[in-house]
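Chain IDs A, B, C and D follow the sequence of writing; residue 1 opens each chain.
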Amino acid sequence: MSSATTSTLDFARSPINQSLTPERKIELFTQMVRIRRFEQAALKYYQAGRMGGFLHLYIGQEAVAVGTISLAGKDDHFITAYRDHGHALAVGMGMNECMAEMYGKQTGCSKGKGGSMHFFAPDKNYWGGHGIVGGQTPLGLGLAYGLKYLEKEGCCLCYLGDGAVNQGAFHESLNLAALFEIPVIFVIENNGYSMGTSQKRSSAYRDCLARRAEAYDMEWDVINGSDIYEVRAKTQIAMERAKKQSKPTLLEIDTYRYYGHSVADANAKKYRTPEEIENYKKNHDPISVFRMKLIAEGVFTEEDAAAINKTASEEAAAAVKFSEESPAPTIADISTDVYWETDNQTEASKIGRHFFND
Amino acid sequence: MSRILSYREALREGLDEELARDPNVVLMGEEVAQYNGAYKVTEGLWKKWGDKRVVDTPISEAGFIGMGIGASMLGIRPVMELMFWSFHSVAFDQLVNNAANVRYMSGGLANCPIVVRGPANGGTGVGATHSHIPEGMFAAFPGLKVCAPATPSDVKGLIKAAIRDNDPVYVMENTLLYGMTGEVPDPADGDHVVPLGLADIKREGSDISIIAHGRSVIHALEAAETLQKEHNINAEVLDLRSIRPLDQDAILKTVKKTNRVLLVDESKGFGGVSAMVSHLIQEHAFDYLDAPIKRVTTIDAPAIYSPHIEHEQLPNPRRIVERVLGMA
Amino acid sequence: MSSATTSTLDFARSPINQSLTPERKIELFTQMVRIRRFEQAALKYYQAGRMGGFLHLYIGQEAVAVGTISLAGKDDHFITAYRDHGHALAVGMGMNECMAEMYGKQTGCSKGKGGSMHFFAPDKNYWGGHGIVGGQTPLGLGLAYGLKYLEKEGCCLCYLGDGAVNQGAFHESLNLAALFEIPVIFVIENNGYSMGTSQKRSSAYRDCLARRAEAYDMEWDVINGSDIYEVRAKTQIAMERAKKQSKPTLLEIDTYRYYGHSVADANAKKYRTPEEIENYKKNHDPISVFRMKLIAEGVFTEEDAAAINKTASEEAAAAVKFSEESPAPTIADISTDVYWETDNQTEASKIGRHFFND
Amino acid sequence: MSRILSYREALREGLDEELARDPNVVLMGEEVAQYNGAYKVTEGLWKKWGDKRVVDTPISEAGFIGMGIGASMLGIRPVMELMFWSFHSVAFDQLVNNAANVRYMSGGLANCPIVVRGPANGGTGVGATHSHIPEGMFAAFPGLKVCAPATPSDVKGLIKAAIRDNDPVYVMENTLLYGMTGEVPDPADGDHVVPLGLADIKREGSDISIIAHGRSVIHALEAAETLQKEHNINAEVLDLRSIRPLDQDAILKTVKKTNRVLLVDESKGFGGVSAMVSHLIQEHAFDYLDAPIKRVTTIDAPAIYSPHIEHEQLPNPRRIVERVLGMA
């Protein structure tokens, strides 16, 4: 399928969504809510000065990470940019190690060395969290290359932003993916802006960004990111293509971020109109949309949803407590995790000077 | 008469004055125009100078920096912002091949009066990929010039010198200095230009020379006060300001005066500006050294994120004081 | 025009070719012949060990440089990769300074500092000669940006190879060109191979490489590079678009190189069949094709063509002699042309140490 | 029993043995497979090992090196050829951010056992953009390892060590050495692996230590013969082999033996491996130095093309001899 299918289809009825049990639907809803509550807690304590660096919130985009990752089997892998909390929770990372990472604590998923932009969980097939715009795209290609090399029936979902499509490394990755028939799916999470720059001011394109795939004779599709059913239905096609035919796809998922580029973005309300933000929140919020659907489907009630919300808030609060109480890294910790060989005190690590401290 | 300005304001004033002086000066970079700059360095300049002179670019560092280099060959004077100097990694070919070599490879027929500027520092909790300290690395490429101003007055003077220079000049600022204030000469008293290649003694002293650049100068000055007050050690602080051209005379002069040297450098231990300065000192002032040249550098690992410990990875006043005391 | 027009059209009749005087036609023919004779001389003396480095011959591609550059007005500029001799002669550089450059002599166009890959003549709007594949494409964009900034009615023709299209910097340049409406024309000289790799083995594409322009909503065209009339007719449209509408174009000119990637390419006859090479030489050689046309048009005779050939060979031989007799650079020459300021002994150049020699 | 092999053959033998040892080893790069390698290092390996193990790539260094890094995180052992190490400039982000930092930023959860190899040298008439000498630059990034073998035996031993190492290792070869021959141990006598981090005294001497790496070692050895024969100076030649990890002990040992040091480094004068080694020597062997440490580096300009003079820009035996004599 090489053109955007119209959104009047009811994706709830596509087989991949039909196969969802009520429990699983509630699970997906819960994941989205957990992401939001987690980030709201992070926002609060970031603003209270408990964290350093940047905080790029995923709020508004939850259906993308949850919807796509919900399709994954045991050999499917994920990698994204710095806006990485949603994917982290969706792959199954705990709030504790994620929150503690932002707190810069030893108990963080990256021991406080990576921060908000660098969540990793290789045991859950999650390869980060990367700060250089577009820099993760060759890595995602490589993960998929590795899967094919190892003859696993799996694919890699590699996420990037609408601004990242103008990095050269991404273009090189697209060509390589198509040429070598690599089971990678590049997912453009199009939230309309790269920092303060709208899609129109950063990209030249015909119709949509995903169509750039045609330059490489690659399949593509455009997805409404506020409907998790649509996200799942269309992404599943791409994943099948990857796993059965070893062919890449470029997906563009339209979404929106409620907050600024990062919490430090003082202009968040200058380059976008309040109406635009309000409209998305009111009419396209992926959690509200899904909640309504699940209520209409009779999967749960408004009260159930509220309870899920509450539990998620409590979980986030507990993660904050865990993080507050966790120990900070020491000066000695600065020097570990640089080399595998020195960390593992191998023979090789004992030969020659590895570190150059005064 | 001088005024108190922040580093950011002084830098902006320098840019503004050069925009006024030369219609071929154009500022470019991500978010420099409508957004007023990620770090607000260019605030108000788009409004004042308009679309032609202050230009927002997509996230395509190789593309737009190369574009600036190409335009500079025709006589445009692009002043390109890298939101972080760390993003040099995606534009490296343009920065070290095209800008540095086009004059040479053309036998002097083409030249490249471009300025690339932005913050180049650790210490802001943005982790390994965003905290590179590349001034020594770029200074190693003949054809390039590099400076790293530490004060509001110097950043204004050096950005103006950089823009007027007919060779590529890479100006390394520091996000942690943008808010720092200091005296800056009044424009009414004449054009304030600090030439490239001129170091500056920021504190006179007699017992030891602390040589630094960028934010390390500020640390060195603070350490010098502590050394004076608590240990009766009178340190001289030399601010290199410019890395290439390098003020070797000033370096040798202070070494010959104090006979002891501590180099402070935000680079990692392997290499950096300080390794080069160390080599030059031992080569040209061998007989004046009473003790080995020592350094304070960033602890040798990728930049750690954790705000609890990040400042300990970097040079800081405490580490400088301890190193000086260890040299006694 | 966004699709390849078929080659059955007679481009001799397009107005831009109709307007050519017989003298001018002979001039164009002569330029093509001069390029070939020049390079054959270079090949001979390269093989005799009189030059260093690489020698990338343009032979077979002459109609591209001559045809496109023949359209240029005073504010049109040019930049290309390392296969740069053809463009150099086409913009009007002398054989002497070009040959001497390859000989590494002081009298070379770049004083022997650049070599075969780095011919420059800014006075003729020729900005090199660049060795890093794709690295010249942002520079070409920048030259065109400069023209627009200076409000000149001119454009930049930026040449690259079919292998270079997979460099990220090129893709970034395409986006910037379309987004900023820059009067640049990227000319892919598609000779079918990047070193030993065929187009099919290096690029994924739909129909042709130029169609990648659609990814950026940019105009494109495909041109038969063995017919100088077609090259001129179609390139002229792109140049008009650049100059009148300030819009970029991506052109793909199909051509062929007779020799290996460089003269050091020992495999030149392994990755291509002898038949393929012979077929091009026999049926598509741009010089033969043009010679036939000019004879058929009555512009000149076979004998005239032979005389032009002879004169060109003599000119090349004289350039060899000039180069042989020219002085080599000295050790002192190594250190000039690094900085404008030190070369011009300005005040600035006297402050601080610029050079770090032991 | 050892055999006489060329540097190229020894390197290829090392690659071939590792392809045989570990099915996850895969060679990749431009023209490495069907074309047999631009410099014929991989000749015959595609024929022997097939499409899966020896892979031709498009001219997309950032893309394919990043791809190798990604694959390495899953346990593949990619050995990537850069046709010239100079092309690092278009893949710099992948080389210094992704490869060097992924382990650190993940708190040790991910690692990157990749090898990037290819020639890194001047002297072949290919001009400024193709003649970079980046070993010091890459060694400055913690997380990376760098070596620069000078002989057939060392290149075989080091490439094998590099492939087995679980960290990213950048192997810097030299086009002008590919044809050089030398003794290489017979595989029948056991696995020939030269550990990273171990320097090698290539010539014993007592009057001065010449410390070098890569092709400069060959120049140093030639110079040492001249110094012995014509000037009765007995020079010791230490080949660093590995730049990071660095054999500081071996460096200090030879310095303490001879008390005089000349560093030979194909880098330009600002920085390079030699500036770092100089700093370490003066720091750790200050009292053993009878004279300033001197260097022979490449004349500080972009690489000139002209074959008439190019070798004079680079370190060469004559320049080394002259510098030693000047130190007397």
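Keep this in mind: a residue touches a chain if its C-beta (ideal position, glycine included) is under 8 Å from a C-beta of that chain, and two chains touch if they have at least 3 such contacts.
Computed from a prediction, not measured in an experiment: that's the story for all the values here.
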- Chain located farthest away, centre of chain B as origin (C-alpha): C
- Check: interface with higher C-beta contact count, B-C vs A-B, is B-C
- Message: Please tell me the distance, in whole Å, between the geometric centres of chain A and chain D computed from their C-alpha atoms.
- Response: 40
- Query: Hey, how far is the Cα centre of chain C from the one of chain D, in Å?
  - Reply: 36
- Query: So which stretches of chain A touch two or more other chains?
  - Reply: 110, 112-114, 118, 130, 132, 135, 166-169, 172, 175, 179, 201-203, 337-338, 355-356
- Query: Taking each residue of chain D in turn, which ones touch at least two of the other chains?
  - Reply: 58, 60, 62-63, 89-90, 93, 97, 104-105, 127-129, 142-143, 244, 268, 270, 276, 294-295, 300-302, 304-305
- Query: For chain B, which residues count as touching chain D in their complex?
  - Reply: 62, 88-90, 92-93, 96-97, 100-101, 104-105, 127-129, 132, 136-137, 139-143, 244, 267-268, 270-272, 274-276, 278-279, 282-284, 286, 289, 291-295, 300-302, 304-305
- Message: So in the complex, the part of chain C that touches chain B is made up of which residues?
- Response: 77, 79, 108-114, 118, 120-123, 127-130, 132, 135, 137-147, 149-150, 168-169, 172-173, 175-176, 179, 336-341, 343-344, 346-348, 351-356
- Task: Could you please specify the touching residues of chain D with respect to chain A in the complex?
- Result: 24, 26, 52, 57-58, 60, 62-76, 93-94, 97-98, 102-111, 113, 142-143, 145, 161, 165-167, 195-198, 242, 244-248, 276
- Of all residues in chain B, which touch chain A in the complex? 30-31, 34-36, 38, 56, 58-60, 62-63, 87, 89-90, 124-130, 268-270, 294-297, 299-302, 304-310, 312-313, 323
- Interface with chain D, chain C side, in the complex: residues 51-54, 104-105, 110, 112-115, 117-118, 130-135, 163-164, 166-169, 194-197, 201-203, 267, 271, 328-331, 333-335, 337-338, 355-358
